[in-house]
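Here come two complexes built around chain A, the first alongside chain B, the second alongside chain C.
Right, the complex of A and B next:
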């Protein structure tokens, strides 16, 4: 199993623990990651607004890098998934592709439209599969109540509807169950974390995130699992401020899917970067370690 | 649990955003055509104002003055400057709920993208444009996002000071974004591609 790995910007900067965790989980499950060290940013919507042609050309370049390796692209971010998949959809149109290829030719690249953009969640459930995952679980999530926080972009990326129902998603819950945990559902799980207005309207972002965190807490969640570094950043690092904005602190640890899976697989929590969180993950780790299945 | 919305209030200095207001007059009756010719805005003509978009908008719940249906209506009414100068144009979180739910496939969220593109091209200013420009600058200089740089460019040092405690907490957890940008080795190629893309039709 081989993928061109596109961690995105945030998972290699302030949320570096997610890149670390993804690599650890991939190595554990025998997934080979081909680094696209020279890939540019997906644009995250901002570049699409400021310079849409540049955004399309840069994403075509990233896709061409994966195509040159003969593999699909792996993302660990809702927003990267959305904007790369959107560019990929546009590039399926032969006229658009030729136009973009004329520009790519100036830097000696070409894209034929053969790459699929896939998120870690899809690879875990479809390529690795529930059986192999379950067989590798060493720290079953047990009685831990895990709330999925889907966020917006993973569900609304072009092509996602073939994998999950964007209105009533269940794939993260499925993953939680495979890892032996107890999924908790709540209304805000498909809502927005507010990341995309964090620097423009922080008040708005914080009220959004704060409301969803309290909702998850009220539903009994003890930890939230996100598929996205941007949700991860807001829900973890900004949780204290979000709590202030809505008048109550949720105190919910946040785990990216790579970390949740890594913990369940028995990978050393330090290698999953859990100490880099602002809301301590230690209580979750302790609870899991008590149930750890020790193998010779 | 739903968090109570703050009381409705208009932003200072703005006349009105509601339809039928006498304070705002159409200045460009064909504005909708300009939007329809901009990527993202193609389907604006077929909007029948059913309000499905606004009903699915997570921003509207917290900030009722951000009304995406009315935004589309204002474009069609030709309120060009009113729309492009509206700071609320930058309150959309790009969640694409309206895009997913619109029964006519008007792509309201992508109309916002088109409007922001036009606003940026016209040199509009404010926190929204400032962030978009900071982001684009980081891509042009580094090929990727230098989080610290984009944040400082977006909210300024005063905004950074207001983040005080959080910055210290992140620093303590080894979570502070790198102060130094790390441009791609192939940054020249990225820059050449961005320049070439500008000539694309």
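Right, the complex of A and C next:
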């Protein structure tokens, strides 16, 4: 199993541990990740707003790199998934594609529209499949109550409706079950984490994140799992301030899917970078390790 | 979150510079009622003694714990007012300047009403900022004694001597077997025709014998690490395979089989720029220091042929040859580093039109310098390398590798500054020695800019040196001679000049020391030379505190300028080392450990190598001896964990809120 790997900027910069965790999980499951040389940012909506043509050409360039390798593209980020998949859909139209290819010709690239943009969640559940995944679990999540935090972009990516229900999603919950955990559902799980308003309206972003965290806590979640580094960053690094903004601290550890899967597969937590988190993950790790001993 | 503060606002008229445009009284009245302001007053000259005394009196009598002085730019008197406030018992970092001169009365001279409104806004913003400031303490940090000077050319030698004479311990590190650098090769120096070695040699000896200078030759800095107040350098001393027992009898060199007529291996002499051969065991030049012979293991038959040849060991009367020497590692701890790694001459081979490397009689100026040495390969006469005949016609070509078209990969865009005068020097030395020699200098612009340079240039014309404005299009071979085609731009004629020797005035290039610069975290400017802190007013410091740059490492220079700059660099280093302690500016970055995720982004953007992530704690740590407080890290920090003191987000937001109430908070 081979994918062109597009970690995106947040998973390589602000939350480098997610790139680390993804590579560890991929190696464990026998997924080969092909690094793209000088791949560009997906635009994250900002570039799309400022210069849609440039954004489309940039993403076509990234997709052409995967195409040249003859593989699909793997993302670990809701935002990357949405903007790359959206570009990919636009590029299925031959006329649009030819226009963009005229631009790409200047850097000696060409895109034929043959790549699929796949998120880690899809790869785990569809390409690896629940059976193989379950067979590899060494540290089952056991009685751990895991709340899924989908965030906004993953479910709004074109093609995601075929994979999950944007209004009532269930695929992360499915994954949690495969890993042996207990999924907890709550209203805020499909809301925006606040990342995209953080720089202009921090107060609003904090109220959004704070509200969602408290909802999850009230539903009984002990840990949140997110498919997106942006959500991961806000929910972890801004949790303290979000708690202040809404008047109560949730104290919920945040795990990206790569980390959650990694822990269940028995990968050393240190290699998953959980020490970098501001909300300590240690209690979760301890609970899992105790269980592992019992099972042995 | 507003502190209860007693704030004073002092408005300056600047003797009319401000008050002729800004209605100071209106500004005063607008601020009087602002929260926390217990005093708003104006004065003709706040910077006068009277103004300062008034500031101090009000602070004492009213117990002010926050002051805004609305006057000229903080670059002028912020430090002074802070010092005065401190003397009066207030924390100096609770004083801020509102710039109502440059930013109001000067900028909006013809819009008095608007200037006044802007002044009100600026003062209001600063008052609000001061209300959010925290008192800061000034700390000091120890600095490791000692300086490392890297490169023992004229710049490194001069800087070392000054620092050592001031009482500092200096370690002078040189990568070649001898000190002296390029100056040693130059024979004579312009514009006085002093003998280069006669002026350099005494300084070399002084360095060699100085009790406070540790000379480490044939050694390279492999790694440099900066920690607060200290640099740790890892220096590797290459083995010479000759011990201190060497008595300098030269027998080994005489008997060494390398570079003899029968030897299949011959080595070009670095000292003579490839015009002669040298042995595998050698002394670079007669005045070399230290006077220690060196075995070049890359060409020595002992090392290259599995220990078969031991001729030098057999003839050495002092038993000084030791083939078992190993590289030695030296760990050096110093407080400051001076980079004086110098230059190398540009290799003109890629400029095919000049024929360098193809035609033996096309030389560089440095090779001609060697020929002009009365002890050199041709005993002082410029001759044709092809047959050894003295050259009767010599054509010099300027700007070879310098002043190229922007973006040309084969040449440099910059002017190398010294080549004009080097050509003038060599041309007139040739004329003086053999007046019948025809000497042409083909130039584009002749730059005789320094003290005594123009006179020197004019004198060379009196001696009969011919200057032609125009650079050649081609150097061709015709029989035993060369023909140089050039358009004389001043007469419009095409000249075809026969030449025995063509001399290329090749550019100065920075010595390639990329690893060293990377290790010291030094940047280079687009020309490849070490980037100084400020090209105009701070050419000897670098962005890394405690690292200084001297001589041609910073840019092309002649000997005079190298010495001047080396002196300035030594002075800067001495000031930096001071009494072994540095005063830390408190207005630098600090990290809120509770918010840091150790993502490294601050580290990536820091130009001053001032923040590092502690791998154990997974928290970023600011080195206050290096931080400049520029604030780049605060912008990239994804969690707001790092901020510059007195420029924290709440402080800035409070200030903006006061200035433009609609802009920030909803």
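By definition in this document, the second predicted complex is superposed on the first by the 292 of 296 C-alpha atoms of A that agree within 3 Å, B and C clash if a C-alpha of one lies under 4 Å from a C-alpha of the other, contacts with A are read in each partner's own complex, and residues count from 1 in each chain.
The criterion applied here is as follows: contacts are C-beta pairs under 8 Å (C-beta built on N, C-alpha and C of every residue); 3 or more make two chains touch, one makes a residue touch a chain.
Quick caveat, the model's predicted, so the values are computed rather than measured.
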item	value
Simultaneous placement of chain C and chain B on chain A, clash or fit	clash
Which superposed partner A:207 touches (first chain B, second chain C, both, neither)	first
Partner chain in contact with A:106 - chain B first, chain C second, else both or neither	first
Contacts of A:194 with chain B and chain C, given as first, second, both or neither	first
Chain B versus chain C as contact partner of A:56, first or second or both or neither	first
Touching partner for A:27 - first (chain B), second (chain C), both, neither	neither
Which of chain B and chain C A:282 touches, first, second, both or neither	neither
Superposed model, chain A: greater residue contact from chain B or chain C	B
Offending stretch of chain B which, after superposing on A, collides with chain C (from 135-143, 171-179 or 189-197)	171-179
Interface residues of chain A shared between complexes with chain B and chain C	10, 13-15, 201, 204, 237-238, 240, 275-278
Contact footprint of chain A on chain B as seen in their complex	1-3, 39-40, 58-59, 62-63, 90-97, 99-100, 113, 116-117, 120, 127-128, 131-133, 135-136, 138-139, 143-147, 150-151, 154-155, 159, 166, 169-170, 173-178, 184-186, 189-190, 192-194, 196-201
Contact footprint of chain B on chain A as seen in their complex	9-10, 13-15, 17, 37-38, 40-41, 43-54, 56-58, 61, 82, 99-100, 102-104, 106-107, 152-153, 156, 166-167, 191-192, 194-197, 199-201, 204-205, 207-208, 210-211, 214-215, 218, 237-238, 240-241, 246, 275-278
Chain C to chain A touching residues, read off their complex	594-595, 597-601, 618, 638-639, 665-666
Parts of chain A lying in touch with chain C, wherever the complex brings them together	10, 13-16, 201, 203-204, 233, 236-238, 240, 275-278
